[in-house]
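A, B and C are the chain letters, set down in written order, and residue numbers restart from 1 in every chain.
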Amino acid sequence: MIENLLLQVFNGLVNGAFYALLSLGLAVIFGMLRVINFMHGALYMLGAFGAYLLTAWWGLPFWWTLLAAPILVAAIGLVFERLLLRRLYDADLLYNLLLTFGLALAIQDAMRIRFGMQGVPYGAPAALQGAVEIGPLLFPAYRLFVLAVSVLACLGTWWLIDRTRAGLIIRAATERPMLTRALGVDVDRWIPAVFAFGVALAGLAGVLAAPMRNVSPVMGADLIITTFAIVVIGGMGSILGSVVTGFIVGVLEALGAVYYPSAANLVVFILMAAILLVRPAGLFGSADAG
Amino acid sequence: MTARRRIGWSLLGAAALVLPLVVYPVLGADILAWALFAAAFDLLLGHTGLLSFGHAAYFGCGAYVAALLATRLQAPFPLNALAGGVAAGILSLPLMGLSIRRKGIYFAMITLAFAQMVYYIANQWRGVTGGENGITGVPRGHAFGVSLVSSTVFYYATLVLVTLALLLCWRIVRSPFGRILVAIRENEARAQSLGYAVGRYKLIAAMLSGALAGLAGGIWVINHGFVGLDAVHWSTSGTVVIMTLLGGMGTRLGPVVGAALVIALRDAISAWTDAWGVVTGIIFIAVILAFRRGIVGTLEGALGRRAAPAPAVPAPERPLGTIR
Amino acid sequence: MEGVAEVKRSAGRPIERYITRRRFLRAAGAAAAGAALAPLSRPWRAGAQTAVHLTQGKVVIGVLNDQSGVYADLSGKNGVEAARMAVEDFQKKYGAGVLGGPIQVIAADHQNKPDLGSQKAQEFYDRDGVGMITDVDTSSVGIAVANVAAQKHRLCLNVGAATTALTNANCNRYTFHYAYDTYMLANGTGVEVTKRIGKNWYLVYPDYAFGQDMDHSFTSAIQRAGGKVLLADATPFPNDDFSTYLIKARTMRPLLNVIGTMHAGQDVVNFVKQYNQYGLRQQGINLAIGLLFLSDIHALGVEAYQGTLYTTAWEWTLDKQSREFADRFLARTKVRPTFVMAGNYSATWQYLEAIRRAGTDDPDKVVAALEGYKFSDFFIRNGTIRKQDHLVTHDAYLARVKAPSEVKEPWDYVTILSTIPARDAFMPLSQVTCKMS
């Protein structure tokens, strides 16, 4: 029984890995741009389709799509940012929420018209098929891989933010927005790069999801709500918070599904309501954020 | 009232009267119900500065209650919808009472969390709500001895009720109470220091908003004869946000215009293209870029600032977690 | 639409107008072609032979389905095309004027929203003069539209929805349920798989009406066949990850023989991908799927689904007659028909036939002509339209998805293992709770 529980926790971590990548991207975008990127789920979907198309059209192996598809998604995101989002930075954040919602709707529907609703076939690379047995436990190899890539990506992001000059500015702008601007730092110069980076993380999550979830135009349609809730629980503006909360919610959902399956989707909202009422700045938020 | 405004209102009234001759009356009544829903929502967003992302809970609550009263107790039309409004107002007391302890994005997310719980209950409580299959066969019945089975008759009955409710909304906004709400929106700390019980004002505004949203839900369900889980789904909360923003928040007619636009689009586009989402998405984007304060908000700005107080020009620096 | 419109325009016109030289030649050519296809075709004699009384001078059929949402591929636009084909073929067979007026097909997208569906249905009946609405996939929309049909006293021949409520709690005089329902799916798969593969099941179903209905139907079918449901779990909906349930399934070895998923749309693909990832088949746990469409298999490929067992109302490779239809359908739409598309064709045809038999499109008389009618066509075999609950009972089929090596041509994904005769395939009348008003 204990092995079983361990397996469920492992699974929760794998699902948490997707949440972590998505909410990390959402958090840096929100922190820097004050935009709730409603098309995050659509870009995640484009990441998955990117992997599929790069392989189908040019025969690119899975490993290369892991790098190429996020770059492609980042480029698409950058075009939207420069052409559209930029125009509304000085308006209420609700307007960019609506703008990105419109974009998500259009992107998803365009993909439906081109590829159909049912989605496209996509399998795991041969090297990652099968399972790894550790004692009595059986881990599908691909899931271990997802967990490893996600943790590496989160660590890489942490390194970028913690150890580079660009990261310093981003962190400052995210966690103490007013102070940073008051100190005369040109925050706006970094906006395109940060947006592209956040979006690339969504693209990466999409590539990772392709072999284990249905690659279809609406695969990311409902993700934004849960993902943004995770950002809020973690504490808006907290980069570490979004990652850790992503994994926590993944595990809690998995355990919820063991004991009370039909309510598993509710876990994140119960957690959010409780956290916001008790500790409004979120699990990792600083006091002045609220 | 200036001559220009008088002409404007007359045109709107005329449009509302001939609508069922132009579009299918069920669609017309649908627009009215959503217009009221959006106006109720804007009472909170545009006038009090609170973004609720969980208004589906009140709309849905009103719809379910009205449907149950109509099917099980044969309650007649305005009564069942009004009871839906009362029920939604009661529901909003504990939910909004907790939510208003937070501001900005945090308020929005708490209301979302509560609405998701309401959704969960609606899905689980099958004996009452019918779960996914919903409550079907909700009768239109009679109102004051007149049969409402004809959709055209029902449209005009709805028009009377919605007009009264909208007038109430607008009256609230212009009352001293409404002025205090605007004061809270603009500067909560100052309102507090002037001795206003800010929390109580917010709660009353939230409950009025919830009750009117419930009334809108009641009208909506009697119009369609059906209510299902869609009514309490988060996308319903999202739709009302979109309507209000497209039309212009904090304006009197904005929510009405936004509701008419979204409902008409949803109905019309699929008739001439199968790229429903692409066209709708592009229209949303175009409207939001062309009309920075919503259609009505921007037009009122262009026609001189005689109109109802438009939302303040957003501050260049927005602290974390604030909507405005 | 063009094809139908063309026929419509020529219908009822006097022959004289055609007699310019070129037109005459073209008409003669068309007639010859028509004659070759269907010997009874005499489009120019429109009106001459008809004794049908049409209340509005025309017959309008409304196809209402999901054309842009998650179920768009299982019927959608192509489902509308199927209804148009039926009208054209019907006019080819009996003559364009057989019903004494034009026959039109109109369509709308309900986007899986019951309120939009009920509004469109009201518009169809009130404004567009629709006599019969067909397709209406998604159970919740199906029930809402059935209700409108009852209010407006017009027909609805539901093909796309699965719920048995249409012929039980929500049944009414004007609604018929055509192709399949949850009882049929569960009965076929539950009984046959228990007999053939193993007795011990684990059921996983989405926590909404369709899933609950399926869980209930499967459990009783499995028990009827002497099997046992070890565990049944309701999952949230929608759901991206099913590993929790797959791990649970592993712990039930070696007792467990079959895991049954009742998911649809996105979720069933997620489920199958993850089932393969955990290698459960190799561990002796077979997969049964409650509801599977040809379009599902086409999207994900046979490899992912191979060996899966399920029940279907029809399959295009069934026999020569079905293939003939599927070939024409492919030429027209570039896809092979799912059973919902084929069902739309058949339902449309049978509605037109019923008008012809009744001699009028008066809804009550058409209902009377349909009730108790026994028939077979390429889609329905040994069909009976039950008077008591308006369920169309017919032969159903137990199917297995082929291995990639067995596939001989594109879209050839399925082997039919056995036929479940009409009398056993559907809910027996003794269990039906329908009370027609």
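Everything that follows uses one rule, which is that contacts are C-beta pairs under 8 Å (C-beta built on N, C-alpha and C of every residue); 3 or more make two chains touch, one makes a residue touch a chain.
What you see is a predicted model; the values in this text were computed from it and never measured.
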Graph of touching chains, which shape: line, ring, star, complete, other? complete
Looking only at C-beta pairs that count as contacts, which pair of chains has more of them, B-C or A-B? A-B
Taking the mean of the CA coordinates per chain, how far is subunit B from subunit C in Å? 38
Inter-centroid spacing, subunit B versus subunit A (mean Cα positions, whole Å): 32
Which residues of subunit B are in contact with two or more other chains? 274, 276-277
Two or more other chains are touched by the subunit A residues 109, 112, 262-263, 266
Per-residue overlap in subunit C, given as positions that touch at least 2 other chains: 68, 207
What residues of subunit B sit close enough to touch subunit C in their complex? 24, 26-27, 30, 123, 131-134, 136-137, 151, 220, 224-226, 228-231, 266-267, 270-271, 274, 276-277
So in the complex, which bits of subunit A are touching subunit C? 4, 7-8, 11, 14-15, 18, 109, 112, 116-121, 123-124, 130-131, 138, 140, 142-143, 209, 211-214, 216, 218-219, 222, 254, 257-258, 261-266
Listed in rising order, subunit C residues that touch subunit A in their complex are 68-73, 76, 207, 233-236, 238-241, 243-245, 247-248, 250-251, 266, 269-270, 273-274, 277-279, 295-296, 298-301, 303-304
Could you pull out which subunit B residues touch subunit A in their complex? 51, 98, 101-102, 105-106, 109-110, 112-114, 116-117, 120, 124, 234, 238, 241-242, 245-246, 249, 274-278, 280-285, 288-289, 292, 311, 314, 316-321, 323-324
Hey, which residues of subunit C end up touching subunit B in the complex? 67-68, 77, 108-109, 111, 113-116, 118-119, 122-123, 126-127, 139-140, 143-144, 146-148, 150-151, 163, 165, 170, 207-210, 212
